[in-house]
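To keep things simple, chains are lettered A, B, C and D as they appear, and every chain counts its residues starting from 1.
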Amino acid sequence: MTSKVLASSSFRVADLSLAEAGRHQIRLAEHEMPGLMALREEFGPTQPLKGARITGSLHMTVQTAVLIETLVDLGAQVRWASCNIFSTQDEAAAAIAVGPTGTPEAPAGVPVFAWKGETLEEYWWCTDRIFDWSVEAAEAGADWIGPNLILDDGGDATLLVHKGREFELAGAVPATTAADSHEYGVILDLLRQTVAETPTRWQTVAAELIGVTEETTTGVHRLYELFAKNELLFPAINVNDSVTKSKFDNKYGIRHSLTDGINRATDVLMGGKVAFVCGYGDVGKGSAEALRGQGARVIISEIDPICALQAAMDGYQVTTIESVLDQVDIFVTTTGNKNVITLEHMQGMKHNAIVSNVGHFDNEIDMAGLESLPGATRVEIKPQVHEWIMPNGRSILVLSEGRLMNLGNATGHPSFVMSNSFTNQVLAQIELYVRRENYPVGVFVLPKHLDEKVARLHLDALGVVLTKLSTEQASYIGVPVEGPYKVDHYRY
Amino acid sequence: MTSKVLASSSFRVADLSLAEAGRHQIRLAEHEMPGLMALREEFGPTQPLKGARITGSLHMTVQTAVLIETLVDLGAQVRWASCNIFSTQDEAAAAIAVGPTGTPEAPAGVPVFAWKGETLEEYWWCTDRIFDWSVEAAEAGADWIGPNLILDDGGDATLLVHKGREFELAGAVPATTAADSHEYGVILDLLRQTVAETPTRWQTVAAELIGVTEETTTGVHRLYELFAKNELLFPAINVNDSVTKSKFDNKYGIRHSLTDGINRATDVLMGGKVAFVCGYGDVGKGSAEALRGQGARVIISEIDPICALQAAMDGYQVTTIESVLDQVDIFVTTTGNKNVITLEHMQGMKHNAIVSNVGHFDNEIDMAGLESLPGATRVEIKPQVHEWIMPNGRSILVLSEGRLMNLGNATGHPSFVMSNSFTNQVLAQIELYVRRENYPVGVFVLPKHLDEKVARLHLDALGVVLTKLSTEQASYIGVPVEGPYKVDHYRY
Amino acid sequence: MTSKVLASSSFRVADLSLAEAGRHQIRLAEHEMPGLMALREEFGPTQPLKGARITGSLHMTVQTAVLIETLVDLGAQVRWASCNIFSTQDEAAAAIAVGPTGTPEAPAGVPVFAWKGETLEEYWWCTDRIFDWSVEAAEAGADWIGPNLILDDGGDATLLVHKGREFELAGAVPATTAADSHEYGVILDLLRQTVAETPTRWQTVAAELIGVTEETTTGVHRLYELFAKNELLFPAINVNDSVTKSKFDNKYGIRHSLTDGINRATDVLMGGKVAFVCGYGDVGKGSAEALRGQGARVIISEIDPICALQAAMDGYQVTTIESVLDQVDIFVTTTGNKNVITLEHMQGMKHNAIVSNVGHFDNEIDMAGLESLPGATRVEIKPQVHEWIMPNGRSILVLSEGRLMNLGNATGHPSFVMSNSFTNQVLAQIELYVRRENYPVGVFVLPKHLDEKVARLHLDALGVVLTKLSTEQASYIGVPVEGPYKVDHYRY
Amino acid sequence: MTSKVLASSSFRVADLSLAEAGRHQIRLAEHEMPGLMALREEFGPTQPLKGARITGSLHMTVQTAVLIETLVDLGAQVRWASCNIFSTQDEAAAAIAVGPTGTPEAPAGVPVFAWKGETLEEYWWCTDRIFDWSVEAAEAGADWIGPNLILDDGGDATLLVHKGREFELAGAVPATTAADSHEYGVILDLLRQTVAETPTRWQTVAAELIGVTEETTTGVHRLYELFAKNELLFPAINVNDSVTKSKFDNKYGIRHSLTDGINRATDVLMGGKVAFVCGYGDVGKGSAEALRGQGARVIISEIDPICALQAAMDGYQVTTIESVLDQVDIFVTTTGNKNVITLEHMQGMKHNAIVSNVGHFDNEIDMAGLESLPGATRVEIKPQVHEWIMPNGRSILVLSEGRLMNLGNATGHPSFVMSNSFTNQVLAQIELYVRRENYPVGVFVLPKHLDEKVARLHLDALGVVLTKLSTEQASYIGVPVEGPYKVDHYRY
């Protein structure tokens, strides 16, 4: 077992005393993740994931540690990497490598390939590592070489399999061109190496895979595209669109972490300030609510007339960023689009305006433009907080270099929110593994009764008492007493 | 034209001076219904509803008057009845009968069969009348006998056609049995008479119908059931599930009218009181928000764990009605289910607790049980507000006799909300009429671009300025610049 | 006793069947006025107001009826008039005249001189009547001619005594001049008549008076002015500045009645609309909260930088009315100042903007200017709601002709709020009557322990459970266990 | 000048590179402290504090650094210590020692005696040092030995003068007894030493003092007590009771820092949780608002019926801590009293309940009882966050060891709030120094026009535009056009 731990810890998690700190945090997080703990209680005895080999690519945080140990508790074998170069909490990685019953000296955990602050080369090396199950196969005397399930966040693990197989079948990995992003070049380099070593590796991996469960909007979007182009190789469960995922994580998670991030980054009083939230989807709704809850005056921009009308009905001013640029103290992007805040916008802002993103990629704010603006100077106030002194003499404060500030300046979604998301993940893994015959190649959402189950597992912790339908009432409205209670298109 | 007006006005709208009052209110309502006014401007010139004969069954209020006149403005002929025995505003009915350009002496309006306080017999007589287009046919020298479109609310008009045709084909209307409700007996009586007079009337009517657009959850539910049983006779557009209908009317409409109704009924301070809201769907969400906005402490009950979790995350206590029965000052049911407040509940309430329903039918509260409770006394405080002195000596205040108090004690959804709903209705009528080839028998929701259009038509009035996607941004997120912007299952 | 009732009822309350309706409402109001009911229970047995002859001038509403009957229950004799020509609820007046134990045929109530819609001449005649205790004196065989206590709202009763005495001593009532307001002319006419009849009447009345308790800011302001000029004739208790009066009635009362008034007047959806509140004192704070609670976007204007900063910290935009004139849908004045909304403002408003006042006098909005604007037309939509069609073709909707719309379009403060105010009034009357030796001529607020008592008497009804200080804790923070708990300048 | 810096830096601020980090933060804080910056602009040229020697005892934070540099900018000489052993931000202390124009190598700042984590002995040594102006006197060739003004927070500096003088006059410092707290023993030890060295030192210091300006409720309370006992030695300005201090710092400051502290300490989702706030004064009001803004359900306890009624009217449940002990996830004390959360309470709490204090001393929670509870185990999760495993097996999480968690787990009040408080401080120092003849021995609040000035200086930064009274309006309501606008007892 040592070798597995070394595989990760030999890199950067060398200080194994981290593991103990991580274990403390995991213990506290378990209390805030009642859904996962309930699954351990319900499914631990029957081991539904026995035989499952799960390759996980998802932010290696304390909450993910509770997810991983839940998967293990249900019988799975797991290898893990983070899905973001900055998002690993090293103490969580260390604790998960050591394992709940292990010690730093006698580790008994899960092979984890993740540390805070990876390079892109390191990141994709890690992602490659979670597909190499040769140690486990050897231990088991088995001939498989990869996982049978992927648990993905953003789709990088899924991408690697698809691209690897594609290039293997094409006979060669294409040359990197000037038009390729740096990251795509790194991926091509990696695949060139794997193809050279094992020319059919990704074909074998793809063949072994029962399916993938995907966490995010972006990853899901990629999956639907692959499926539409008839290129998807295995079934996928879209965990993102469970109600208890997207409506909770996006709205209530961000309500928690947005103001937390602003506080930790700047200590600025939000009360009385003007905050501008780009986008009024679920993330925008949660952002606006949090800012209003701190006494800020919130202005919204929207492209979608329905969301714009919702924002107005919720009492917010809705207008374009240009029309109020010089009145705003705090900017937040929540759109998932690009260039939502442009370089021109930034040059028109108030002195010391705060600029931050909780949407998706860092291109939501034109960071590239800012970085190449002649005469702009960047001063690090503290890590993840930079003052940009603009040529006009005014400064703006950019959080997390334009990346997700709720991760970079705060600690991301809190455990309770992640418990909802991850309980969906575990149920989706079970669903794919146990009822695989129900899932042809395609993209599926979890059946509503499981979505409701996720919610149900989180009620006790909040002291919520559900009302029970009588048989007569259930029949009157035409639903089973035990649910599901709503039509599929119900919007909540 | 006189005859049409007489058809309605000869009943109860005799005092034609009402028409002038109604006209004033219609003029003010038009200002609050920008969606409908925009449709008049956009479509008035091209008359897309020319040739449409619309049978409308929907609360005959001032707002409906603006809807009716919009349909007429787009070229349609219209006959109208209310869909509820209490919901007619007589001045609106009078004004619509007189018509915008007519006078009481020279009416030029729409045949309307509706007055406040119909008996069930009168109600179904009115519903029958809107299917009799013989006057119009005679005027036009045409041989049709019925409408080609239904605009329905709750499905009563649709029901009449289906039942009439069914019994015609069966050769006889079944005898009324003891198990039938009083209302069903009234319907059977009516159909017995029509079958006797014109044995194939409803078959002809059904054959002439292009389709129906349905306003409410209940009506839509009936349509899906008919379709599932393969009994639906014509295409139906489910207007209720447009986002700009269900998420606006249910949530923002009730936020307006719930507290309005409590105020008009009781003048009781809500601040500091404990309010109990049964159900946290859209209506429950709007109710809770309104009550909290007045300083009440709101407790929620729910059967659906997802909605229950939402309520908790929004900061409400969630528990059963039984557990807090004696602490609650104001009860509100929002569920659409029955016996949500039982007789036993009512007997355990605080003295002078207020009991009200904004869900669906009056059986949401066990009014029948209350009315037959030995020793209970009913005192009318004022119309639609009754004190029930219970055998235990305590009183409860029941609003609108358990029926929808936002209609009975207040004035229902305000014009702006109805403008959203009714703009969907008009677009749905146009869609069915103009693009009928796209709609086989089935139940459809409006395409998202029309839902977005409804929202768009209401933004200017609120001073909302939309942000426009650049071509590059639209392409980046994979949507057209002009929308639609979201996948169909997006939950808003 | 008949004669007393006739004194009032012979005027307009002729329809004594009103009394029964009023009695119903009084009974419901008693439930919402726990403070007054608790005083009846506490003080009824000891009759602390035995011998008190109270002249009351305060809106003759259902709530005031509960106040009056509480005073009577504590031993007082009472005569009553309204303090506003429009504010009387006739059924309340009728019921109070009949009395709780009387019947229309055998009335046993309090002489009340008030009806809805008095002329100014009638109003001041009524005010004169409540100072004429000759019937009661005759019945008692006593030689007093007036009250020994005044309960005043706005100071009209107090004014009449002061002016009457002043003119008696001056030997003549001055001639009415062109500069005098119409109302002042009416007062002078009345006093001319009383001086002619009984030249020392007001001197005697003033001499008999132990003091006055005053309800409102305006009345209190007059009292402080009189005292500063050394002209105050008797002690006064400033009830207005009890915390449980000014911070409750102004803030929570208006939160209730502002949106109620807008709803009843216009049925306009407030959600999504822009509302402009002039002033962020207690009334402005309550107004803004109510409007926000309905989903409106609220903008504030303020002259006081402290209140302006509070508004900003509470998340509202704060600016001048001029700068947003054409964006606002609903205007509310709450200042007590004049010309807060000018004619120029009204001419710059959006079409169908709603203009209303919950501050003090109708001159808060320049109604006089509007009424004399050439080319402006006034259309009555319904009583208390007028459309003014401006020369520019746009309309504005003026509520209650610029007077207090929470009274004119709604029903004023709800019972529970008035219970707080009136419990202060009763305690103040007792304080003046029983502990008169503590009160020299001057203006006093109630001691804090009584203010706290008022609050305490309203907690049970809301299910509030107080925490009790231990002796040790009380000593640690240096307050008595039973209160008062705060220093006098504490701001709550 | 080196010697001054050494006086402080020789202790713990040895790492002078801290100064640069502190300077950055000061520069950002200046942007958020518009009141202080406006005072520099207004008063810098006239140097009203020239000749003032200010001894300051107040948390040595970044915001205090801006205060200190404002005082210096207005002409004052300053010596500074913190008023709390934990509250110093070392980088702020370093920067202030180095000075805005100095460098670590050539410091040009203010003598500052403060570092994070002082012992009580060190704390009082620091407090003593700020009264020793011998270096400055020597430099100036003057014969004074102490300050002529104190700027105090909590009253420790004032206490030292009073006690020192008292014991000097008594001829001896009393012996420490068993009943004395450890801290009082430290004070006695210190004074024993100073009396031994300079027997008349504190008498001289007291005689030189023009007065003190006091920041906090507690300090003000001590001052009123001293004055009541006729023991106050010099005038005092009660800065705490400026509206722009107590109503802003207590309410809006805590609204910011309470949730910030909970987040940094625990990362727990507050949404859906039950939070219990002990006390509904200004701090309680701000706490409740912040928690509700994050979606928590808030329950309040109160001893004062008025505040309890306010809490109910604001929609909160109000009850005793005992009655909901096992339902609460987060406890917050805000009372300033002791034993508000008892050992018994803690033993009845839910597993992992969070226990925190933002009131005053750490005895608000019975930490002493907890620390001596047999069988209770303390585990440090991270600094200022401790899990206490109770004998019953459940844990509670205690923040900041029961001390002010908004300081210990967060960064205290944000700059903008402190700008209000400190602008009051500077105006109070000017008032005492420039208009000393207006202030006999006693405790005074700042005149209202200065309170309004403080607010006024913070409006521009928030984009607030004040409305101006016309002369006519000002006269109508009887206030000067430029203010003050309210009577002294106005409650805001």
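Here, a contact is a pair of C-beta atoms (placed from the backbone, for glycine too) under 8 Å apart; a residue touches a chain by one contact, two chains touch by 3 or more.
Not measured: the values here are computed from a predicted model.
These two copies of the sequence, chain A and chain D, are related by a rotation of 180 degrees on CA atoms, to the nearest 5.
Interface comparison, A-B versus A-C: the pair with the greater number of contacting C-beta pairs is A-B. Taking each chain's centre as the mean of its C-alpha atoms, chain A lies 41 Å from chain D. Once the centre of each chain is set as its mean CA position, chain A and chain C turn out to be 59 Å apart. Centroids of chain A and chain B (each the mean of its C-alpha atoms) stand 42 Å apart.
Listed for chain B are residues 252, 271-272, 292, 295, 309, 312-313, 317, 462-463, each touching two or more other chains.
Residues 24-25, 28, 31-32, 252-253, 255-256, 259-260, 263-264, 266-274, 289-290, 292-295, 327, 351-352, 379, 381, 387, 397, 410-411, 414-417, 462-463 of chain C are the ones that touch chain B when the two sit in their complex.
Residues 221, 241, 243-244, 246-248, 252, 278, 282, 301-313, 317-321, 323, 336-340, 445, 451-453, 455-456, 458-459, 462-470, 472-473, 476-478, 483, 485-486, 488-489, 491-492 of chain D touch chain C in their complex. The touching residues of chain D, counted against chain B in their complex, run 271-272, 292, 295-298, 309, 312-317.
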